[in-house]
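Note that subunit A is present in both complexes that follow, paired respectively with subunit B and with subunit C.
Then we have the complex of A and B:
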């Protein structure tokens, strides 16, 4: 493929894909913000992080965005005292996930904005291709 | 000129559904001999059919939950653009053909 407008559309599509993966991870973090361990003193759900990379697409002949890896946040867990909880350790402390809802909300907004930007990119490229083809039509 | 346009027009005219594929494919070997206008059009029509086929496959995969919405939209948009380009070129070729056939001798 060598049409730059088509390539830019494909790159924007890859961007949409990456941002939807990011949304998936954020949804997981939000849903599990209270998930504790099932055994006493065990580790709760650890916040997941997503890393993007600039990959070269052979078929496209251009650099696109890709998901490099999905890792876990190494921040310490939140500890609350709750001796009656099944996951409480010998001292009655329960470890809660290191998920901060405020951070997740901010990430979600950022993913949303990036998605919209990529959508706009696709729309604009499409409009440019179509208006060029329309040159043939108007007689 | 007419000999060059006529086979291309018959090929492009059949391009709309996927069934017309064989007619276009049979016109393909001509493209190796040279870069004349007719074979260029035939190749373009063949590429369009390929794009539409892949869009159909991706759409079916999307319905079966095997492809993401982004992939389906991307391939369908690519197919739509190819089809619109092919239609515009076909209209132009047909109108050129009509213009020549109206020529006063």
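Then we have the complex of A and C:
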């Protein structure tokens, strides 16, 4: 079994990676919040969702976090009437993505907080290792 | 020798603290994983008490009994503050508080070891 503090840092690193992946998905959603289809009556950009999983890392001997899958939100698209739009269907309705800016912002804040918490654990584990190494100094 | 015993117990404690830090990091990492239940390790007192006393070897023919490794600390599901709708029971605030405790205890432990080591050195150097 390897050093628990080293494992701790690896777990925190996996957490940082997962949260930054989540931020990428959120950024994609926000950037595409107005992306309509290019063909008349076509489906616009569908909001992406990210799912985390609890995987066992055999090399590390501990449970780390992983990205299980990136899915799409099944919520219905927002429909607005705009006959002059290139993506308008026969009735003049345009489908807009099912992205809600407020939800994305809330998600972004949560990802931000979780990232900070993981970073804090990383710093603390490193400080603990350093305090043990410091026992060798100045004696 | 009692001073050596102190080093032994200090080493066990730092081992236990590292394991606890690992458990806390796992909890924080899974703060957004649906269905994850927060975990913690058994208290240090319980680990110490469950350790049986070693049998003395007074004769060369006696076989020394190996003590239980601290690696085998059982992880328990901790009682959490709240369970979210997603089935996740991690509270980041609580985990950070625990991480602070661990960090402080680790520093104290290392301070004690350092002080004791200095004492030993003082008597050894004369």
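Note that the second predicted complex is superposed on the first by the 138 of 139 C-alpha atoms of A that agree within 3 Å, B and C clash if a C-alpha of one lies under 4 Å from a C-alpha of the other, contacts with A are read in each partner's own complex, and residues count from 1 in each chain.
As a convention for this text, a contact is a pair of C-beta atoms (placed from the backbone, for glycine too) under 8 Å apart; a residue touches a chain by one contact, two chains touch by 3 or more.
Quick caveat: nothing in here was measured; it's all calculated off a predicted structure.
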Review point. Is A:103 in contact with subunit B, with subunit C, with both, or with neither (first, second, both, neither)?
Key: neither
Practice item. Applying the touch criterion given at the start, work out whether A:70 contacts subunit B, subunit C, both or neither, answering first, second, both or neither. Key: neither
Practice item. Please indicate which partner A:20 is in contact with in the superposed arrangement: first for subunit B, second for subunit C, both, or neither. Key: first
Practice item. Using the superposition described at the top, determine whether subunit B or subunit C touches more residues of subunit A. Key: C
Check your understanding: Looking at the overlay, does A:126 come into contact with subunit B only (first), subunit C only (second), both, or neither?
Key -> first
**Study point:** Overlapping contact positions on subunit A, where the subunit C interface meets the subunit B interface
**Key:** 9, 134, 139
Study note, to complete from the structure: The subunit A residues in contact with subunit B across the complex are 6, 9-10, 13, 16-17, 20, 122, 126, 129-130, 133-134, 136-137, 139
Review point. What part of subunit A is in contact with subunit C in the complex they form?
Key: 1, 3-5, 7-9, 11-12, 14-15, 18-19, 22, 51-54, 62-65, 110-111, 113-114, 117-118, 120-121, 124-125, 127-128, 131-132, 134-135, 139
Check your understanding: For the complex, which residues does subunit B have touching subunit A?
Key -> 68, 70-71, 73-74, 77-78, 81, 84-85, 88-89, 91-92, 95
Check your understanding: Taking the complex as given, what residues does subunit C use to touch subunit A?
Key -> 14-15, 17-19, 21-22, 24-26, 28-34, 36, 71, 92, 95-96, 99, 102-103, 106-107, 110, 113-114, 117-118, 121
